[in-house]
Structure formats: structure tokens, C-alpha cells
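Each of the next two complexes has chain A plus one more chain, namely chain B in the first and chain C in the second.
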Partner chain A sequence: MLLEVTLQGVTLGGMYALVAMGLTLQYGVARIMNLSYGELLIAAAFAALSFYSGLALSPLLGLLIVPPLAFVLSYAIYRILLQPLVRRAKTREALEVDSILATFGMLFVIQGIMLALFGGAYFSYSYLSFPLQIAGATVAANRLLALVLAVVIGVGLYLALTRTRLGTAVRAVAVDPVAAQLVAIDVRTASALAFALGGALVAAAGVLVSMFLTFNANLGVVFTLKALIVVIMGGVGNLLGALIAGLILGLVENYVAVFVDPGLTLAATYAIFLIVLLVRPQGLLGRAGR
Partner chain B sequence: MSGRDVLPTVIWPIVACALGVAALACVPFLFGDYGLSMAINIVSYTVLATAWSLFSGPTRYVSLATVAFFGIGAYTTAVFAESLPWVAVLAIAACLSVVVAAIVGLATLRLSGVYFVIFSLGLAELVRQLVTWWEVNKTRTLGRYVFTDITAAQIYWQLLGLAVLVFVAGFLIGRSRLGLALRAIGDDETVARHSGIDTTRAKVALFVLSTVFMTLAGAIMAPRWTYIDPAIAFNPVISFTVLIMALLGGVHRLYGPVMGVVPLALLFEFLLARFPNHFSIMVGLVFILIVYAIPRGIAGLVEQTVERTRRQPA
Partner chain C sequence: MLEVAHLSVQYGKHRAVDGAALAVGKAEIVVILGGNGGGKSSLLKAIAGLQPPVAGASAMLDGRELVGLPAHLIVEAGLALVPEGRGIFGDLTVRENLLLGAFARRARAGEAQNRARVLALFPRLAERLEQTARTMSGGEQQMVAIGRALMSAPGILLLDEPSLGLSPLLCGELFRALERIRGDGISVLLVEQNAKRSLAIADRGYLIENGRIVGSGIAADLARDPAVQRAYLGAARPG
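Moving on, here comes the complex of A and B:
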């Protein structure tokens, strides 16, 4: 029983980590506090659902189609809607406020479109929902597959950011945009790429989540919130921190849901957030300052 | 300025405001039920938007939690209105909001603004889930009927009184040391701290004050619904609407938000009637338009025009 719950928690935590990695790219590199982030996850989940039930396409195929679309969409959103704000902002704080407001508006637009298309009901589909035995615990195959894919994507991203020239440039912008410019890094392009990559990641997470969770059009905000909490908990811009924090959050939430009361999971999330804010506001692996 | 000149500059604005409020107080006698319900809508959003910009205007900390406090007020009324006198209900609502706001403020306002925004983003959802959990597990009822003998006109007068209080509070804060401290924080928090301002205490104090007004507005509004459940009381669209109205009006002036409330309340009434299924898309688009086109709100536009005509007297 305990092992089963732990495995479920790890799967959920893996999703949170993936979602938070995308957000830390958008916030840490592109400096955009994107409140409509979770809506993209739900939109991707709906896309996977439509592919599966409408066109009988497997979610794995959806995983090849949806994230590239989200990449293009996010890139366009950054170039068209957010870059004017970046240009207008005099300080980083001003950009933060402006991006919060603009993306808050987008949140309601995207959510409204999904509500108009799908209504407020909960959706799910059953794909690979047969049980598997692992070390005496039973796990649904779709959960396990989602976890494996999340690990693959996460490791791929980590290697891309640490082992390639472009990835190093992106990380340099995260550390200091002005200094990055001095060593001939095109900050604007790097920011746009990071933002788009974040969008692709959250879309991938959306497809994976749709395989084993029920979701509805209003759920985006909750994912945004959890992603933000994981990012803060791990330390802004820190991928490894996001991974650890995501796993902690997923485990705690699942333990609370199973052993205490499923109605208190968000309260558990907030309790963790409060502890982090009071004890270690710079995050588990973050450096102090600012 | 001699003593004789001071008197008119102080007395006349007060008299004008008092006359204006007295005229507004006559609305229930002049218009029908529909007019009164519109007026209630406008006044309640005026309270919420002005209270919002009381804190978020000078400090530039965007709060997305308006409905958390509004809902706390509404639920207090739903729970206690039948058993306790009305004043006690309002007092309980105010106390609850002080406690919640102080916890939120002390946890997040010591740090940079982002933490506060994130915390406020989910606060309404958190309170909603906690109330739902409590109702389902402890009282075994989800959804309550609000039975009071408070009429619509009485709700309107209470809200009008609350609106007057918000404006008076805002006026006094603007002229106090606290107001100066907050403007300094909004301009540059580090500088403010170095010049000896206890920034955390100033921010928490004002945040608590602004949420008390929001909570009272919720408590007063609750009898309008007759039935409430957590989904109605903690509807996130309310937070969003308040934010848009305050921004359209302009948050850097006390009179700003009300200039956003009136046109948008009318517009939303129209949109809700014509496009009930696409309401949030439209509202989102209106909001994005405001953020890009008029970042300083109507109040900012007015100031710009006044400035321009002053500089080049035709």
C-alpha cells in the first residue's frame, strides 16, 4: 500500500517537475511571469483527448505533434504580445508587473475558449490502463509510461542546456542578461527560445497528464500555482532544484490525498509553500540574494 | 494663504462630496428594481476596486486574492446571519479577514513581490477548498440559504456608507506618514528600507486594511444571493473583474478606480446578457487591451491631457 502510494506520488511529482522546468525557463530566462502557463497544459491535454477519441491517435503520437505546436504558439505569443512589454519596461520589477497582468488576461481568454469548446465537465480517456506489478505494488501502465517519458524529456532538457552552446547561452541569460549581451549572446532570441521551449515542455506535460488524470477546463490555474511553488521551492532558474521540489510536492500531495483527505491536497501544497517562505525563501538549492 | 481663504478650500469640497453622497443615497427611491441592482453592483465594485488599489496602487504588489476575502465575508454572513445581530456578523467578518490577511502578509510581504502574487493567485482556491472540506465533513451541508430581512435598498445604503469609508481612509492615508512610506516603497523598496522605513510593517498594515473593506463588502452583499455555495462565493472572475476595473481607472489616484468601475460594470452587464458563454474570453481581451493601450488608466489619460493643455495655452 505504502509503496503503491509512493509510486503514484513519484509519477505526479515527475509531472510537477517537468511543468516547473518549463516555467523556470520562462521566468528565469525570459523574465516573464506567465500566469496563463497552466492553461497551455490543459489545452494540450484537451488536444491529446481529441486526438485519441476523435482521430484514434495514440497519445504517444500526440506527444510528437502537440509540443511542437505549443513551441510555435509560445514563440509567437512572446514575439507579438510580450516583447512590446519587455521593451516598455524600465526595470525588471516593472516587467514583472506588466507580464503578470498581460498573462492574467491571456489566462481568461484561453480558459474561456476551452470552456466554450468543451464545457466545464471533467474528462478522461483510458489508454494503457491495465495494471502492472512492480516489487509487489500495482501501478497502472499509463502512469509508469508517463513517468518514464517525463524522465526522458527532463534528462534531455538537462543535457541540452548543459552540453550545447545554445543551452549555455540560455543559462547565461538567466544569470545576467546584461553581461550575456557583453559576450555577444543575442538575449532577445535566447529569451524567445527559452519561452517557447517552456511552452513545449508544459504541453508535453499536458499530454502525459491526460493519460492518467481526469481534468477540466478550470484546472489550469492549479497547475500554474503548483509549478510556481515548485520553482520557488527549488530555487528560481535551478533545474535540479525544480526536480527535487516537484518530487517532494507530488509525494506529499499523494500521501495527504490517500491517508488524510483528498479535499486537503491544496492545503498541503500551501503548507509546504508557507514553510519554504518562512524558512528558506531562496529555495532548496537557490542562492541567497536579491 | 490667509485664514479666510483656507476655509472655502476645505469646506466646499466636503460640502460637494456630502451633497454627492446624499444624491446617490436617493437612488433606491428614483429607479426601479433593475436600476437599484445595477447601482448595488457598481457601488460594491467601487468598494472592491478602491480597496484593491489602496494597497496595490502605491506598492505595485498585484493582488489576485480579492475574492478570497470577499468570499470569507459572504460566508460569514451565511453562517451567522440568522443567529447573531448584524453588527456582530460584520465584526466577525472583519476579524477573520484581519487574521487571514496578517498571516498572508507576514509570510509573503517580507520578501519580493512575486511571492505575494503567487500566494494570492491560489488563495481563493485554497479557502474555497477548505470551506468545502469543512462543510462536507463537519457540518455535512454544501451550500447554505441566506435568510435575512435586509432589503436591497438597505444593502445599497450600507455599501454606499462603506464606499464613503474607503474614500475617507484612502484620503487620510494619502496624507499620512504611512502613505508617504508606501509611495516610497513603490518607487524603490531598497531605498525606502535604507531611509528607515519599516517596509514590512507598512505593507502588512495596509494590506490588512484593504482586505477588511473587501470582506465587509462580501458580508454586506451576501443577502443578495439567498443561496450561496463555495463556488459562488469564491468565483475567481470577481478578483479578475476588480483588477480590470482598478487598472482601467488608474491605480495611482484615489478617484481612479471608480472611473473604471462605472463603464466596465455597464459593459459587463451588456456582455453577460449578450454573450453568456463567451464572457470570460471577452473580458480577457478587454483586459489585455487595457494593459497594452492605457497602462496608467483613465486617470493617467486625464492628467496627460491636463498637462498638455497647460503647457501650450492656445
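Moving on, here comes the complex of A and C:
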């Protein structure tokens, strides 16, 4: 029982971690506080659903198609809608206010389109929904696959950002955008790429989530909030922190839901968040470049 | 090498730099001397593309106009700035700072040699490659900043008060490093308050006051000039 609940919690935590890593890229590097972030996750889940039930394409194929589409879409949104805000903002605070307002509007546009296409009903599909036995615990095959893929994507991204020159350059923009220019980094392009990469990550998470959770067009804001909590808990701009905080949050939510009361899940989430904020306001691992 | 003309910088109504003109030759060390708020930092920032100058300015590097280029392309053109406060990536390691120094396309071919040269110039960096830059001493951080700038394979290096906050011992080490950089054929333009030390290694110097260049000359002559001695080399300011 404990192992089953733990595995479920780790899977959920893996999703949170992916989503938080993407938001850290958008907020930490591109300096955009994106309130429509979770809508993209749900849009990706709907895309995976449509591919699966409409075209009989496996979510694994969806994982190869949807994130690149989200990358292109996010890149366009940044260049067309958000870069004018970046250009005119005199301070980082001014940009924060502007980007919150702009992406708040975007939230309703994306959500409205999804409501028009799919209505407000809950959706799910059945993919690899047979049980597997692991050390005596039973876990759905789709959950396990989602966890493995989340780990592969998360670790891959972490290595790309810490072990390559291009990834290091992306982190350098988060650390000091002025100094980044002094080493020949084109900060505007790097920001657009980081924003697009964040969009691709949340879309990947959306495809994975759709494999084992039911979802509807209004669920995006839940993921935006969780992502924000995880990012702040882990330390803004800190990828490892996002990973650890995401796992903690997923585990605690599942333990509380199963062993205490499902109604207390959100309360537990915010209790941990408050404790971290009070004890370590800079986040679990602090604000760091890795 | 570098020729600056008609360069002015304005913040609102305040004119920080007023019609500056200067030249730096190949493998030459040129120092700009001036007090606080004299417009020295604004001048360097404008040349490096961090601060847009007033229209009409020109900064030619090997015959190529830099004014109007974004900062990252000025680095590609061969000019590297070590800004005031050093501007290193404090959250990243020394290794990562040097890696990013060679981000410019022009720096890729000679990266291995440049790295070896930087580590020979500052052996302490070789021992501290995995250290997070912000946890290092002021002198070591200055080495990271200069090393990072050299990794971009510049033709000319601009330094904004590199000796600020360094002990006399580290200061000496720093200025000896600048002489060795000149020995490698790289031009150096530095802004300093430490007149004695900087004039001792410089080839030529400019004097800047309230944003205007008010004098210039061979470094050795400037060091002997009574007016310069009164203004910058007074007994109250041991160098």
C-alpha cells in the first residue's frame, strides 16, 4: 500500500517538476510571469487526446509532435506579444506587472478556445491502462511510463542546461542579462528560446498527464498555481530545486489524499508552501544558477 | 585600432560625456584618468554598446563602425569590456564563466590556446575552476572577469577601474597582467583613479573632467606634469 501510494506520488511529483522547470525557464530567463502557462498544458493534453481517439496515434507519437508545436507557438507568442513589453519596460518590476496582465488575458483566450472545442466536461482515454506488479505493489502501466518519460526529459534538460555551452548561456541570462551581452550572448534571442523551451516542456507534461489523469478545459490554472509554488519552493531559477520541490509536493499530496483525507490535499500543499516561505524564503536550494 | 570621435552620453538633462575623442593603437595601453562622476564609466559603456550615445558619435574598430551595433555584436567585432563591479556570473563556476567567455563565434577556433593563456596568466584560476565565482575574493573575481574577457579573443580590452578595492599587492599583480596582455598583441584601454600605477604601465593617457577630455599625452610626460601630479598624484593619494 505504502509503495503504491509512493509510486503514484512520485509520478505526480515528476509532472510538477517538469512543469516547474519550464516555468523557471520562462520566468527566470525570459523574465515573463506567464499566467497562461497551465492552459498550454491542458491544450497539449487535448491535442494528445485528439491524436489518440481521432487518429489512433499513440501518446508516445504525440510526445514527438505536440512539444515541438508548442515550442513554435510559444516562440511566436514571445516575439509578437511579449517582446514589445520587454522592450518598453524600464524595470524588471514593470515588466512583471505587464507580463502578468498580458498573460492573464492569454489565459482566457486559450481557455475559451478549448471550451468552445471541447466543452467543460472531463475527458480521459485508456492507454496502457493494465496493472503492473512491482515489488508487490500494483501500478498502472501508463503511470509508470509517464514517470519514466518525465525523468528522461527532466534529466535530459538538466544536463543540456548544465553541461553544454548553449545551456550555460541560457542560465547566464538568468543570472545577469547585462553581463550576458558582454560575452556576445544575444539576450533577446536567448530569452525567446528559453520561453519557447518552457512552452515545449509544459506541453510534454500535458501529454504525459493526459495518459493517466482525467482533465477538463478549466484545469489549467491548477497547474499554473502548482508550478508557481514549486518554483518558489525550490528557489527561483533553480532547476534542481524545482525537481526536488516538485517531488515533495507530489508525494505529500498523495499521502494526504490517501492516508488523511482527499479534501485536505490543497490545504497540505499550501501548508508546506507556507512553511518553506517562513523558514527558507529563498527556496529549498536558494536562488542559484543551476 | 580604436578611434572614438564626437562621443557624448546624456542622461535626461545631464550630459555625462561631452564630445569625447580618443584613439588606441595596436598593442598599446591607454589610460583615462579622472575623478568620480567624471563620465569615465559612461564613456566605456557607450563604446561597448551598453549605453546609447547621442547621435553623431563614432567609434571605429579596425575601420568598422561600432556605434549602433548591439552589445553582443561589438564583442564579436573584437572589443571586450570588463565593467565596473566586474560583471562576472556570480552564481556560475569559474569554469562556466570562462566557457561563456568564448561564446562569441570569433573565439571558438582559438579557444584551447586562449584558455591555456588565461590560466597561465592567472594560475589561481586553474586551482579554482569548480568554485562558484561569487564566493571568491575581490582580486580573484577580477581575475575571472579579465580571464572571461580574454576568452572572447579580443583585439582590444576595456577595463573600468580594475584596481578598485584591491590590496596593493593584488594591484601590482593586476597591472603586471595587463602588461603581459599587451605583450600578446592585445590593446588595453583602462579607466583608473590609481594614476601612479596605471601611468607606470601605460603608453599614453587622457585626462577627463566633467565629461570632457581636458588633456592627453605620453604616459611618462603625464606622470611628470605638475598639474597632473597635483590633481591625481597628490601626496594624500598614495598609489
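The definition used in the following text is that the second predicted complex is superposed on the first by the 286 of 290 C-alpha atoms of A that agree within 3 Å, B and C clash if a C-alpha of one lies under 4 Å from a C-alpha of the other, contacts with A are read in each partner's own complex, and residues count from 1 in each chain.
Following the convention adopted for this analysis, a contact is a pair of C-beta atoms (placed from the backbone, for glycine too) under 8 Å apart; a residue touches a chain by one contact, two chains touch by 3 or more.
As the structure is a prediction and not an experimental result, all values here were calculated from the model.
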Touched partner set for A:Ile185, first chain B, second chain C, both or neither: second
Touched partner set for A:Ala169, first chain B, second chain C, both or neither: second
Contacts of A:Leu115 with chain B and chain C, given as first, second, both or neither: first
Chain touching more of chain A, residue-wise (chain B, chain C): B
Partner chain(s) touched by A:Pro131 [first = chain B, second = chain C, both, neither]: neither
A:Gly156 touches, of chain B and chain C: first, second, both or neither? neither
Touched partner set for A:Leu228, first chain B, second chain C, both or neither: first
Touched partner set for A:Pro68, first chain B, second chain C, both or neither: neither
Footprint overlap on chain A, comparing chain B with chain C: 290
Partner chain A, residues of chain C touching it in the complex: 48-50, 70-73, 75-76, 80-81, 83, 87-92, 96, 99-105, 107, 148-149, 152
Complex contact set, residues of chain A against chain C: 165, 168-169, 171-172, 175-176, 178-187, 287-290
Residues on chain A engaged by chain B in the complex (per definition of touch): 33, 35, 81, 84-85, 88, 93, 96-98, 100-102, 104-113, 115-116, 221-222, 224-225, 228-229, 232, 261, 263-264, 266-267, 269-270, 273-274, 277-278, 281, 290
Chain A contact footprint on chain B (complex, rising order): 60, 62, 64, 107-108, 111-115, 117-119, 121-122, 125-126, 129-130, 132-133, 136-137, 236, 240, 243, 247, 277-285, 287-288, 291-292, 295
